Amino acid sequence: VVVVEHAVRFEEVDAAGLVFFAHLGAWAHEAMVRFFDQLDGGYVRLITERRIGLPAVKLEAEFHAPLRYGDVVAIETSVAKVGNKSAVFVYRMKRQDGELAAELRHTVVTTDLEAVRSCPMPADVRAALEAHRSTGHG
Amino acid sequence: VVVVEHAVRFEEVDAAGLVFFAHLGAWAHEAMVRFFDQLDGGYVRLITERRIGLPAVKLEAEFHAPLRYGDVVAIETSVAKVGNKSAVFVYRMKRQDGELAAELRHTVVTTDLEAVRSCPMPADVRAALEAHRSTGHG
Amino acid sequence: VVVVEHAVRFEEVDAAGLVFFAHLGAWAHEAMVRFFDQLDGGYVRLITERRIGLPAVKLEAEFHAPLRYGDVVAIETSVAKVGNKSAVFVYRMKRQDGELAAELRHTVVTTDLEAVRSCPMPADVRAALEAHRSTGHG
Amino acid sequence: VVVVEHAVRFEEVDAAGLVFFAHLGAWAHEAMVRFFDQLDGGYVRLITERRIGLPAVKLEAEFHAPLRYGDVVAIETSVAKVGNKSAVFVYRMKRQDGELAAELRHTVVTTDLEAVRSCPMPADVRAALEAHRSTGHG
């Protein structure tokens, strides 16, 4: 499990005064980017030089507790599955009071960004995923 | 089924040159807002005067085809379920070439925005939902 | 003067309950995109096929009145200056009650997106700009 | 001068492959929020409990060099002016290669968020501003 923190930004709330749900997809993505800090050159080099991306093919999110300006969320990232060309990340987002605010499952496919077509998973990406694969039922 | 169009905005693509997946959550929300144009005062009055919101408790999205700058998506909004205090919207997002780019299921709960607690569904909200309830399996 | 409308989106307010100021830069850009609907293929083709962009080199914004969820803004776009490789757009954003909410001046430079270097202004871009050049003091 | 870093996020580039200019307004705001970490409870408490905000009345930005995915910007925040109810922040945003990517001047007014009307500047806000007031020409 890799943990990163996200402090709710001033502009991330909506007209109801709560964090807009769709932003949590971006937080999940940011947590994935940080997860790949373990790669040489990280996610940036994967995208810009190696030209391999990880577009989402599926996202399942459950929102359990509201978030407001001032909240700081700890995002626990783990890997539930690793396939030939795909992986499933799980993000548990906990509020500073320990409450589970949201849980997201994010399925990505290794993709050749030139052809915009799925491609074999690079060995270092696979190794990073395997190293953080959850042993439970995900 | 209520249909609205969304032209991909210049700033909605990401560093891979494709529409960033999390934005589709915002598009879905916008389609819901437009769906509620049939209410007196629409979603704006629901939020700002009646102080009833529809926060998401669940979002399930499948991304079938990539979207790029220049694409225009037709979003078909229907209602799969109506509960006591909740509803499930389904959004089918079709690219201008007819390809289904994404399908989202969005579960919302009628919420008293002062207490930030679920509340009975207002009659006009229920009527609007029932009027567009899909007859199939959703 | 070309006029487009923008209804404040649910997620465009901030934790103070007012529209987040930086979003008005995006609204200005969107108004510029719509301004260029008069080009063959519009701004989309300019960017994606002709590979010419109009990045901002300067933005000057004055915010006169707050905007809230529910407000609808009429954006009046005019052209204050046309140079060899640059142009200055002026956007007057008026609230539905007629109040001037904001005024922005946006200086852009015609740019070859392959080289990311300024380039001569295409004739059709110039013609569109000249056609809407304000005769006043801008 | 208070310095914070911002790594360009995956979703902050636009269809031209460059950072979308309007995002720099949000970066400036974020730098201001971090500037006020020196207040007791910071910007969060200022907004949510003390109900005093700092909406922008003016923004002047010059964009000198393009930013791309992978760039990390150091944002140097200083205070050019402190008035009765207003202040002018200056943000110099430098790319990792030392290049000045952008410079922004951001005028804010201390505002009672209940009345949405300007209000006297709290003493601790003034002290924080004065402590970082640039002695040069701003």
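Each chain carries a letter (A, B, C and D) given by its place in the written order, and its residues are counted from 1.
As a working rule, contacts are C-beta pairs under 8 Å (C-beta built on N, C-alpha and C of every residue); 3 or more make two chains touch, one makes a residue touch a chain.
What you see is a predicted model, and the numbers here were worked out from it, not measured in a lab.
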Which of C-D and B-C has more C-beta pairs touching across its chains: C-D
Interface copy of A-B among C-D, B-D or A-D, judged by whether over half of the contact pairs recur: C-D
Chain centre separation (chain B, chain C; CA means) in Å: 28
Whole-Å gap separating chain A and chain C, where each centre is the average of the chain's CA atoms: 34
Interchain centroid distance [CA atoms averaged], chain C/chain D, Å: 23
Shared interface positions of chain A, touching two or more other chains: 10-11, 15-17, 20, 22-23, 26, 29, 47-48, 69
Residues of chain B touching chain A in the complex: 15-18, 20-26, 28-29, 47-48, 53, 55-64, 66, 111, 113, 116
Chain C-touching residues of chain B, taken from the complex the two chains share: 9-11, 26, 29-30, 33, 43-45, 47-48, 68-70
Chain A - residues contacting chain C, complex: 10-11, 13-17, 20, 22-23, 69
